[in-house]
Every structure is written in C-alpha cells, then in structure tokens.
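The two complexes that follow have chain A in common; it is paired with chain B in the first and with chain C in the second.
Take a look at the complex of A and B:
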C-alpha cells in the first residue's frame, strides 16, 4: 500500500493538489505585480491627451494613438543636438564597454580557472570581494579619480569603470573551470601557446558564458547615465536625453514620458528574451564555494 | 629569495600577460577608488585646493554631528536587513516555485520576474505617475473613486508614506541576478538525491526543500547573498527618482544618496569618502556573517 503511493509520486516527494493550486496562485499574483508597471507604461504611452487628463484615471486606453511617440521625437529633434547623436553615443558606449569587458575578462578568467601561478588564490578572493564594489557604490572616489585623470565629460567616464567590472570575470572563470582539461592538453600538444589555446579552444567553448556577460554588461551600460559624469549635450547618451525630456514638464509630458519609458525598456528586454537560455546555462556555475 | 620570485613569475609569464589588460582596468577603476576613499576619508578635499589632512575629524563628525547621516544609516540598515532578506527569500521562493513548471512556462516566468531588475530603472516615471500627489495620480484616483479617501494624498511627499513606497518598489525590483542563479541551480540538482530522499522518508515538498534542495545549492546561495548585499546597500536611484533629491525631511535618504549629496553637490569629497568607507566596511562584514550563516543551512 505504502509502496504504491511512493511509486506514484515518482522521483520527487509528494506534491499535493492543494499545494500546487496555492503555489500556482502565488506565482500568478506575483507575476501580475512584476509586469504591471510595464503594461501600465505601454498603455499610458498610447493614450491621447484627453484620456491622460481624465478624472478618475482609467487603467485602459479607449482610443490608442501614436501622438505621444510623435511628440517625443518632435521635442527630441528640437534639442540642441540631433536625436541621432544621442543614439550614436549610446551605441559607442554600449559596444566599446561590452566588447572590451568581455574580451579582457575572459582572457583573465582563463589563467584564473586553469593555470597554477603564485598569487592566484589571493587574486580571486579579491575579485570575489570586489563583486560588491560596483560603480554605483564606488561612485565618489571614482569621480575624484576621473576628475584628476581629466576623464569627466568624455566617453571614457561612462565606459572605463565597467571594463574592469568583476561580475563578468567571475562568471567567465566559473564557466571555464568546468571545461575538460583534455581539450586544452590537445591544443598544447599541438604546440599552441596559451594565447592561441585561449582564442582557438577556450573562447569558442564559452559561448553561453560570453552571451551572458554580454547581456549583463549591456544592460548595466544601457542603464548607467549619471549626470555628473557628462555635461556636454553632444556626449550624452539616449537615456539621459529621454529623461531630460520627461523630467522637464512631468504633467504635460506624461504621455511622452511613458513613451520614453517604453523605448528605453525595449532593447534590454529583446536581448534578454533571445539569450535567456544561455544565461540560465551559465548561471548554473555561478556558485561561490 | 628574490630571484626565486622572479623565476616563478617568468615561468608563468603567459598567465600574467593574459590577465594584464583586465587587471589594468580592474585595479585602476575598482581597487584604486576603494583605496583612495580610505585615504581621502582622513582629509578635507573640495577638488579645488589640494586635500588637507584632518585626522579622524570626518569620522567623529559622521557619527556625532550629522543627524541626517543617522537617518541615512537607519534607512540603509532597513533596506539591508529587512528588505534585503525578504528580497533574497522571495528570489529563492519564486525560483523554487517555478521550478516545477514545464520548460516553456518556466522560461516565460523567468523573463516576467526578471524584467524589473533589468529595465525597472526605465519605468520610474510610471511609479511617479501612479503615486502622483494630485487627483490625476492613479492611486489617488482609484481610492477617491472608491470613496476610501476624499482628498488626494501626497504619497511621495508625505514623510509617513515615502519609505514604505520605496520599500515596495525596491521589492518589486528584487528578483535580479541571484534569482537567475537560483533558477539555474535548482535545475542542476541531482535527481537521484530526490529519489533517495523519498526512500529515507521525506514526505512533502517542504521537507524536500530543507533537507535536499537547500543544502545542494549552498554555492548559489552564497553568490546570491553577495549580489543581494550589493543591491540592498546601494539603494539610491529609487529614492532619488521617486522621493526627490533630497526627499522631504530626508525621509528617503540612504547612505548612497547622502554620499551623492556631499560628493556631487557640496563637493566635500573627504567627508563623502568617509561615508563610502563606512559603507564598504558594512558590506564586507555583512558578507562575512551571511556566508557563515549559509554554511549552516540544512543541518
């Protein structure tokens, strides 16, 4: 009797139906809470002006329009520098910041994962501790440093601190560690030096980890827009420009602000949805032992 | 002795060369700022004149003569030791709950729950609109329509409401990288452990969670804790964007907003560095304690 019940439960312990229903209910509720502000932004961005100023406010849109997006781009194109300039700046910052971080962090991760050299343990524990010292936390001393290196108001101020970020290195190192040593040995026997082994064997086998670091880094750079570091209009990134527009007149530009929110959230979402599987695969190795 | 070190460095030349480009940026922009803040914390420095040594003055001023820092410290502690653990537990529980879903549903759920962490910052204007002080604000509109209140409430201005609202929004954004690590970690637990557990008399999913799942995930839990510490101790943007900078009567002040206030507005870099040092020390100590605690899970 007991035996049969256990067999029915299969590999895992018993899941009661009541428990399943409760858990599913909680997930659904939390999911709605999680998604609500995004849906709210989307709906608001399509509202015509009379619906935006309606009392009591409604959570649905009756006559959707693109007016808010049009007016957002109109305001943006009347600014001191053309809108394309902000987009160009964003691309420069995101691409350079991501490419150099991924390249340098994975190069450094390889010896940390697979070589034995003096100082390795100490170096890695410093890097794990530095996971906590993200640019948001070290902002002021970094700002002092940037000012003294004459980097304030250059692309460098937005890019350089992120190239040496430790999360990417940590994830790459954990991923490379589980690659079989045999493939590295084969390459070395063929006479390749460590640089060739890295580029020909290690890197091609780390694509999921590389993709993951690309996402995290891109999202960080996309969301990083401290006003203190850039004051020339011609060097500002897209996010700074859209925030300026939305903040300049919060009530009249409620709709344009919502449209700006929607535009800002689309690229990170697309990238994450496309690469999600790789991220989960990589995060499997992210534990700290 | 010295030649021995040189020999071993020469022998491992390739390792060091591979690491050199990364280490250059890492040391210059992550390690050096941390060291600099220790140095500047003992000075008065306004970025125009050279720094002037003041001894422990900044530290004394911080704890004895800065009432707003005490508010900031209290709020940061609240985010770190109340909101943080709730976020952390929530990240794990949601990851655990969606683990039983089918592959497709789990992917969709992962995206939905992770969204606020990656693009939450773009949606702050929506929260401002939702909690807006006038009758156009959605929360006021809804509550007035239903007859709960007769006059609009200034949600983001009134000291009573500022902090609770910031906590709600912070919790909304809390399923971040640690959540992804938990989702991934849960899928790699060896199935045979569960089977063995059933044989050993584990009856329900909660016993399974405590005796099998959690102990198998300690590395992910430690990593998640580090990430959670970063998020909780650096709460600032949400306060600046929703409650304003500074917030009414500093109700929403946190250590990082206080650092920003002295660093980017008053240009008292020495004093701002002192606060940064206190913040670093608090983060590192918390990390130590949490790692110790996590090693006891499942025993």
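Take a look at the complex of A and C:
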C-alpha cells in the first residue's frame, strides 16, 4: 500500500560452501538442544506401553505404534462434549485475544513512541512496573474483580484482560520508536490524519514487530488455561480437556498424554513457521529511498 | 464543533489523538491490572485470612514488610541469590541469542525450519508438555527455571553414553556442559526472535556502502550491526532481566507463590511481591540509565 519500497539489494557477496556448512552445523547443533523436548515427546507418543514403562527410558522407539493417538481419540470421543468444541473454544480465545492485544497495544504504543502528551512518562513507567509485577499476587484480586464483573465462566474472562496487557505494548513501543520521523511527517503533510497515518503508514512499516507480538501472544494464549476462570465443560479450551484426559490416570495414559502434548504443540509451531517469514521478508524490502 | 476542531493548533490535536489512541488500552489496563495491583498493595498492609465468610483482614501496618526483612531468613537470601544468578545469566543469554540470531539471518537452505527450532523452547516452556509429562522420570527436571534443567542427568543420556563406552567422569563433565547449554537455549527463544526482527530493520544500504568502502564482515558487525541493534539490545536486556526475575523457578517467586497459595498468607505474599518488584525496578532503573546513553537511533 503506502509502504515505502526500494529495490531488493543487489547481489550479495557469496559465501563459500564451506562457510555454509559450518554455519549450518553450528545451528543444527544448537537446534538439537532446543528441539530435544519436542523430539522426546514425539518419540514418547509413538512408544507402545511396555517401552513407555521401561527404566531407564530410551531415546529410540523399538516398535513405533499409533496406539497412543488412537486411545487419545477414543477417550476424547467418549466425553460428552465433542473434541471439536474444545478446539473451537481454543481458536476463539487465541484469535480474539491476539487480535485485541495486538490492535490495542500497538495503537497505544504509537503515541507513546512518537507523540508528546501529558502524563506520557508516568504512563510508561507504570507499564514497565506492571511488567515486573509478579502475576501470581494480583491473581486473587483479579479473580474477585472478574467475579464482580460477572465474567467468570465466559470467554470474556480469557480474552478481555489481554486488552490491557503490557508486554505487547512495551515491545511495540520499542519497535515504533525506531521508525524514522520523516515518514510520519510526510504522511501528515500529505494530509493524512492520525488514524490513517497509524493504519496505513505505521502498521505496514512495522509488520515484523506486529508479527513478533502476534507470535508471542498466539503461543501464549494457545497454552493459556486458567482453570479457575472457566468451569463449565462446554467452554473449556483444548488444553484443559487434554490435561483432564492425561491427569485422570498418569501412568496408563502417559502415552496418550504425550500424544496430546504433541498435537497441542503443532498449531503454535505452524503459526510460527508461517509468520516468521513475514518477520523477515517485509523488512528486507522496506527502507528509505 | 467541527469548525472549532479545525482551529485547534496542530500540536494540541496531536495530543488529543495521542490520548485517543492510548485510551482503549488504558481502560483495559486499569480494569484488569492496575486495580488488582492496588488491591494487592492494600493487602500488603493487612493480615488477610480465609474465613468461611470470605477474605477478612485487619490493618497491621508494616508488620508484613518487617517480617520479611528481619524474621524470614529465606527472603533476603533468595533475593540475593536471584540477583547473583541474574548477573551472570543475562549477559550469557544476550550474547548467545545475538550469536544465534546473526547466524539465522544468513540465507541457507532450511532457514525457516531452523528458526522454528530455535523458537521451540518458548512454545514448549509455556506448553502443556511440562504439566502432562510431570510424572515421567525423564522429564522430572524439565519444568524449566533458574535452577538448571536436569533433563540430561535424569538417566536418559547417561545410559546412552555408557552404552557407547564413555568413562564415568567424562560423562559427568559432558552432562554438566550440556545441561548448561540446554538451559541457555531453553531461555533464549524470545530473545533470538527479537534480535532477528531487529536485524532485519537494519537497512541494506548501510552494508552495501560500507562494503564498497572496503569494510570486512567482522568490521561491519562491530560498526554497523551492533550499534544499529542497540535499541533492540535494550529491549532484550530489559525483557531478559524481567523474565529471569519472574521465572517460575526463581526462589523469591516460589516463596511469594507458596505464601499465597499453600500458607494462605495473602498479606505477607503481597508485601513480599511489592518489595521484590521495587527491588527489580531499582535494578532496572540503574541498568536503563547506564544503557540509555549508548543507544543509537537511525534518523535521517
């Protein structure tokens, strides 16, 4: 749209094949460490029951089976709320929570980064203070508040608090600060009001930042399952249901638990793989003529 | 009304717009965060108890604070511990994640996959895996936290290495090194992503013109990449400090949590939380003032 574009940088110095191999090697080595828990869960989920109970546990699976996944779906289909309902709830909460948080946090971040208004400094220190505050302590007052607002056991309890969460605002503010004032001035001179400047200049030029916050928030919300706030079965999110399945019999359902955790990890990974490309691509093209 | 709005000077308008943009967020913030924070501040001065009629408390002045500072030996000790821990782990995390981010910025086959892999700890750490596999011996230590991750000393890798014929001592060293690296990768997923985003905001022309002038990669890193990354560096340092201080495995956090939920002493718990928060704030303030002058913004 109104993103300032420039031609892609010309041919870059080519690195030798050897260099590529070294870089790949280092990253792969470090990658093993990061991926290990996931791989471990993946392997565990394919283990038959006798291998699951083996001690010490092995890293390899002798006879891989799909039993764990089958039993997971069997347990799930026996529940009186269908599994799709849980997934639907999770998607609703994750998507709406992400949209609200990203939209309002970045809207608030823009003036904090680029405007002057009374109380700006005080506001920013409160935000940083809120970031540092131990969330567990506000937990009980927050619960009482939710109860008073009649939000307990509604989607609202899971979604609405994210409107005022400070992490996204903090990140967005730091990113927007780096945006050159020149583009903003130019858009104002061209007659765009602040709303237009924000939605058509600031946001498109900050896609990497927005995507970063989206990734955080989505991952965060996907795994967000405060049991105290939701008690009716039909409103519970996927994770709560999976925990119930796994927790009802931790030994016999260990395999099913691992299968559940693998399934649960897949959507955030997909989101990350899809969006990280956006984090990269846009900024390599954006710049100043 | 509209005509009068047109007469308002531009600077004034900007202020109004600014407040308008911040307003929805502020509303949410006050309602869901500020209010509970103030309530917990009130609790800090009370001896709150759970009674059949609900929460009841009477004003006790500074008793909770005094108790934490003078009577509870664990509070100061854990506080100092987490400070020392932070002093060495934050630089390590920053250097490591910068290193990984610079590597991941390179173009190579499978880059997207590798980026996803380096972000995996974030997905897992906040994920269900930790809770579900709690019963599992192998992942006993996997709940993360400052204490280091015991994943590799829990028998899994030991067995594999013994099978391969390594000596006991060598395995010990190996385990130690590995669990340290593991801990590091475990806690720097977010930082890597932030640095990556920061690296991509550096315009290409800086590199082009510097390479025309004959700068080598090494010089480019110190003279362009690093200075241009300083805003992101500040963000990352602040994030990492907060993250290490508020980690679930942190001693003080555990104390605060236990005081509230196993001992049901909400007042004491709130008092500790507020003191801890203020201590972090002071520390962050010092760091921020120290780093602020060294930040480079691209303005042209």
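Here is the rule we go by: the second predicted complex is superposed on the first by the 220 of 289 C-alpha atoms of A that agree within 3 Å, B and C clash if a C-alpha of one lies under 4 Å from a C-alpha of the other, contacts with A are read in each partner's own complex, and residues count from 1 in each chain.
One rule holds in what follows: a residue touches a chain if its C-beta (ideal position, glycine included) is under 8 Å from a C-beta of that chain, and two chains touch if they have at least 3 such contacts.
Predicted model only: the values in this text are computed from it and were never measured.
In the superposition on chain A, contact is made by A:209 with chain C only, not with chain B. In the superposition on chain A, A:147 contacts chain B only, with no contact to chain C. Of the two partner chains placed around the shared chain by superposition, chain B is the only one that A:228 touches, whereas chain C remains out of contact. Of the two partner chains, chain C is the only one touched by A:177; chain B is not. Of the two partner chains, both chain B and chain C are touched by A:133. By the touch criterion defined above, A:17 reaches neither chain B nor chain C. Within chain A, the residues touching chain B in one complex and chain C in the other are 9, 13, 15, 20, 23, 26-27, 30-31, 33-35, 37-38, 40-41, 44, 55-57, 59, 104-105, 107-108, 110-112, 115, 117-118, 126-142, 144-145, 160-161, 163-166, 169, 193-195, 198, 216, 219, 223, 239, 246, 250-251, 254, 257-258, 260-261, 264-265, 268-269, 272-273, 276-277, 279-280, 283-284, 287-288. In the complex of the two chains, the chain A residues touching chain B come out as 6, 9, 11-16, 19-20, 23, 26-27, 30-31, 33-35, 37-38, 40-41, 44, 53, 55-57, 59, 103-105, 107-108, 110-112, 115, 117-118, 126-145, 147, 160-161, 163-167, 169, 193-195, 198, 216, 219, 223, 228, 239, 246, 250-251, 254, 257-258, 260-261, 264-265, 268-269, 272-273, 276-277, 279-284, 286-289.
Partner chain C is touched in their complex by these residues of chain A: 9-10, 13, 15, 20, 23-24, 26-28, 30-31, 33-38, 40-41, 44, 55-59, 104-105, 107-108, 110-112, 115-118, 120, 123, 126-142, 144-145, 160-166, 169-171, 174-175, 177-178, 180-182, 193-195, 198, 208-209, 211-212, 215-216, 219-220, 223, 239, 242-243, 246-247, 250-251, 254, 257-258, 260-261, 264-265, 268-269, 272-273, 276-277, 279-280, 283-284, 287-288. Interface of chain B with chain A (complex): residues 5, 8-9, 12, 14-19, 21-34, 36-37, 40, 45, 47, 94, 97-98, 100-101, 107, 109-116, 118-123, 125-130, 135-138, 141-142, 144-145, 172, 175, 177, 180-181, 183-185, 187-188, 191, 194-195, 197-198, 202-205, 207-208, 217-223, 226-227, 229-230, 233-234, 236-237, 256, 259-260, 263-264, 269, 272-273, 276, 279-280, 283-284, 287. By the touch rule above, chain C contacts chain A in their complex via residues 11, 13-15, 17-22, 24-37, 39-40, 43, 55, 100, 103-104, 106, 108-110, 112-124, 126-129, 131-139, 142, 151, 155-160, 178, 181-182, 185-186, 189-190, 193-194, 196-197, 200-201, 203-205, 207-208, 211, 231-232, 234-235, 238, 242, 245-246, 253, 256-257, 260-261, 266, 269-270, 273-274, 276-277, 280-281, 284, 297-300.
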